[in-house]
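Note that chain A is present in both complexes that follow, paired respectively with chain B and with chain C.
Up next is the complex of A and B:
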């Protein structure tokens, strides 16, 4: 078996256009939920059983400067190499796809304990459908991958996302981080050894999102 | 665009000014980010720190509407520090030409101003010519009235202190931008400008863009790979619709609209055709007669003959001096002068300024026909806020149209690439393409005219309208495209080659003024090959130059030239100034690379021509008498401004704009009741007035409701909390919105005083979703650019209070 697939989300290139957020809904046939404007571009405010991917917007002022920063974090399941959420699964409610490494929640997740699954996830990804009790999150577009297609979010992205064999993506991440470090010493690929969906950031991960890093 | 999207990757410095490219043209950033990865720098000059600023290397805040002051300072910097590309200036621009003695500039006005008519007599804005009628020049650039020195005289007034006081941009930021961008004034560096509605939507919009052109010419950045002045068009086919004359003041291919003072085709052609006595000037517009006659032939076919002036007299004509732009149209509508209105693919009640006036104007109509893919605030204006449908006399029709994916046709990108698209899905229900609606309507009108007669019948009855498919149902877009390209109207021999009647004309160089060719738009001539192949349908990925020109992908007007004025990228011997990005070079007696701007050899060789072939003098105009408000751009304040006086001159506003005077046109400039500058825009997630995107739940989920972006400082001053509802008010209207308190906006110091700037989108409307709010255009001023009429959406004055 190869090392499976990986996705690189390079936040230094991301423009926060939210093409990925919409593409995810489109491919997975998820409804647009009713939201309110709460004084931020970020909407929906968080993951839900109808939302597997959201761009988180974080803004502030650079240290010792009037200059603002605005970070975009196209949050999604990291598809861990050793996923803690699977500890909530007794049988095959949660499966790890052999070919790609994608972590997929089946309909049978209605039988497992949601709180265990959610609290085990260092990235706070799992959500539950309040009616069916089925757990939900990004599938890495396993249906697309099996047909030789890129995940919908990657396909829609004009600037920041790459998809491919894990070895190739890891190499790409390493090279990019080395390049970025010349300008941003804090640049890093978050938890690259532990996850398949690797985020590159140029600043403290916490500034992007509370659960950006494990 | 002078260049094209993919070419952005070749820039060493990208100046994004008057555009929020990352949000409004997301795909452009694929190429912007690529430029950055090659070491390129991105500058963003904008009133707000946006998703574009977040990716920029340098962000400079600016007060909305003051770009000429900003760029004027840059021009001064470039000249004073000799950062210009001298060889380019001498050979390819009118920098060494001598301005006539009668020209002057004083107190904000150029010579020849007539305050009564608010117009200039431009006769004094002239260059001195020698006894042969060729402009005089001083190649030492020492003559005090040579264009370069006149340019410097004009812009030396734009010193850092003054520019900073007007724009609110800190001085050190100005210098940082000037230094970085001026670094491209050398052979082996390229700087590009990306601009959009942040430049155009202003009473001085056209001149703002001209100031950017002057800057780019000084630096030798026009006609080169990675350079240019690039207009990012607002939707997939804005370029196409402008090429095909969606605006009132010109005919397809940018030829002037016929006016009552030109009653014959000869008079019209004479006025529209420039002359040059310089043998080195190609003066391409000398070909205008061929384009005019071929256009008339495309409309009227066989009945257009030399004897009847090819049917020119049948065309409707504007009165001399008549302005029919969208603001004048609404103003006339409001005054009850317009009875009926076809509104196709537009939502003026949301997208035109001063919505209260627009909405009131609609109630004065007898009828309105609206064509759109969804209902919107204009189609249903009669049941809008504050209106009693029983009291609205206007009879309204809503015709369902097909969306772009439901029909064949071409879309022209900002880079002038005409791409043929094939219908992806069938029309839903009774929807028809606008082409089918218009053609079927014309057939009905022609039928009624034949039966009943009517006013001005000739033009109507002679108009070729054979544009439906054989079953009479659909619009035959391919047939129309072919007619736009042009066809031989009879067998003809040109040179030693023979062409058959009905064959496509394979390029505008073969169009004729004798009626033997037809062509619906000379720019597009060449989009079909002689054997009938639709070149817009090409999808070849070959890249022979390695510069991403992709000559076999679609068709690019003119003549598949991917970068216009490309002969300015080479020296007098045809050698590329920048061999690393060799767009064009003269090799073995011919041009290699992009399609050269004309076949002539390099300028330094016998028979060589000047590179700016569309200008009568063959060179680019630093001094340009073409516009109505001056040969050099000058800063004037927006109609509504926080300043009592223009810091540059006694002339406060543009001297040539129309000031509308209806009871709805209230203006409150430098008025303490409205102390906040408002700028308006569109977000990534919605499209224009939201008439299409607000029906899309994934998009309304992402951007659900109207909001006003305000700085933390203003919020603190007024006690607003993030996320609370506030009321924004101008002299013309008011609107409730959610306060979005953000560090991305900050007060600017303008004329020594802290000035707050706030921002809103025009993405929302009362119709749908019900809780989304309404358009920011309830607030904006009803005034337009002096040359183009584009409304000044980008700057007006408002106040904000907690929602009562």
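Up next is the complex of A and C:
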């Protein structure tokens, strides 16, 4: 078996257009969420059983400076190499696809403890449908990958996302981080060795999102 | 239509299924079966290309039509289109909502009388006549033959034309001629909004 697939999200190139977020909703036939204006472009405010992908918009001021920052973080399931959420699964409620490495929540997740699954996830990704009790999150578009297509978010992204064999993506991430470090010394690929969906950031990950890094 | 990526896709699917037969236990396969429906449907769908109706970039998309129902069930970026190579912004990625699948889409002319809070269903004849009538009235009222310096200008400044990126160059030309014929000076394009 090869190392499977990986996705690279280069936040330094993200324009915050949210094409990925909409493409995800479209492909997965997920309904819209009624929301309120919260003074930010981030909408809906968080993941839900109907929202697997969300662009987080983080605002603040740079340390010791009045200069503002505005970071975009196209958050999604990281598809961990050794996913802690699988500890909540006794049988095959949560499965790992051998060919790609994608972590998929089946309909049977209605039988497992939601709180165990959610609290075990360092990225706070799993969500539960309040009616059916089924857990859901990004599937890495397992159906598309098996048909030889890119995941919907990656296909849609005009600037920042890449998809491919894990080895190639890791190499790409390494090269890009080296390039970025020349300008942003804090640049790094978050948890690259542990996850399949690798985020490149140019600043402290905590500034992007509380759960950006494990 | 020739679709290299479509062929590649079919081959990969075959390989994928073969792999799954070797490597996976039965439970995960059953679990995926539901998830595969839409991807499988793509294989047998009639695919046609289109151009995004929103901005002037003109991104290419593929519409997948179910052979049995004749309905579009998926629209996504066309990886072989030179403009966008499959990429789309939030507007283009949501283009499926413009299709008949969207139950909220307006299908009939709705008219609300001045001062009324109710919408009435009307036919197109009513709508077009009403618009023409109001345009004629406004043009007759505000048509300027000479400006303050006495120069002949023959213009109307109280109305404007908003074009569309849906229309062809020739249609753009025709609508612009129409607007200029009426004396419009404010002529713009929705793609700039």
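Throughout what follows, the second predicted complex is superposed on the first by the 214 of 214 C-alpha atoms of A that agree within 3 Å, B and C clash if a C-alpha of one lies under 4 Å from a C-alpha of the other, contacts with A are read in each partner's own complex, and residues count from 1 in each chain.
Simple rule for what comes next: contacts are C-beta pairs under 8 Å (C-beta built on N, C-alpha and C of every residue); 3 or more make two chains touch, one makes a residue touch a chain.
Please read all numbers here as calculations on a predicted model, not as lab measurements.
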So, does A:158 touch the first partner chain B, the second partner chain C, both, or neither?
-> both
Touching A:107, do we find chain B (first), chain C (second), both, or neither?
-> second
Go through the superposed model and pick first if A:149 touches only chain B, second if only chain C, both, or neither.
-> second
Tell me which partner A:98 touches in the superposition: chain B (first), chain C (second), both or neither.
-> second
Who does A:139 touch here: chain B (first), chain C (second), both, or neither?
-> second
Considering only touches as defined above, state whether A:21 meets chain B (first), chain C (second), both or neither.
-> both
Mind working out whether A:13 is in touch with chain B, chain C, both or neither, as first, second, both or neither?
-> first
Between chain B (first) and chain C (second), which does A:35 come into contact with in this model arrangement: first, second, both, or neither?
-> first
For A:67, is the partner it touches chain B (first), chain C (second), both, or none of the two (neither)?
-> first
Touching both chain B and chain C, residues of chain A = 17-19, 21-22, 25-26, 158-159
Residue positions on chain A within touch of chain B in the complex are 13, 15-19, 21-22, 25-26, 31-41, 43-44, 59-61, 66-72, 158-159
In the complex, chain A residues that touch chain C | 1, 17-23, 25-27, 29, 91-92, 95, 97-99, 104, 106-108, 139, 142-144, 146-150, 152, 155-159
Contacts from chain C onto chain A in the complex sit at residues 8-13, 16-17, 19-20, 23-25, 27-28, 31-32, 34-40, 42-43, 74-77, 79, 84, 86-90, 92-94, 96
Contacting residues of chain B [partner chain A, same complex] = 22-23, 26-27, 29-30, 33, 49, 51-55, 59, 683-685, 696-707, 722-724, 738-744, 746
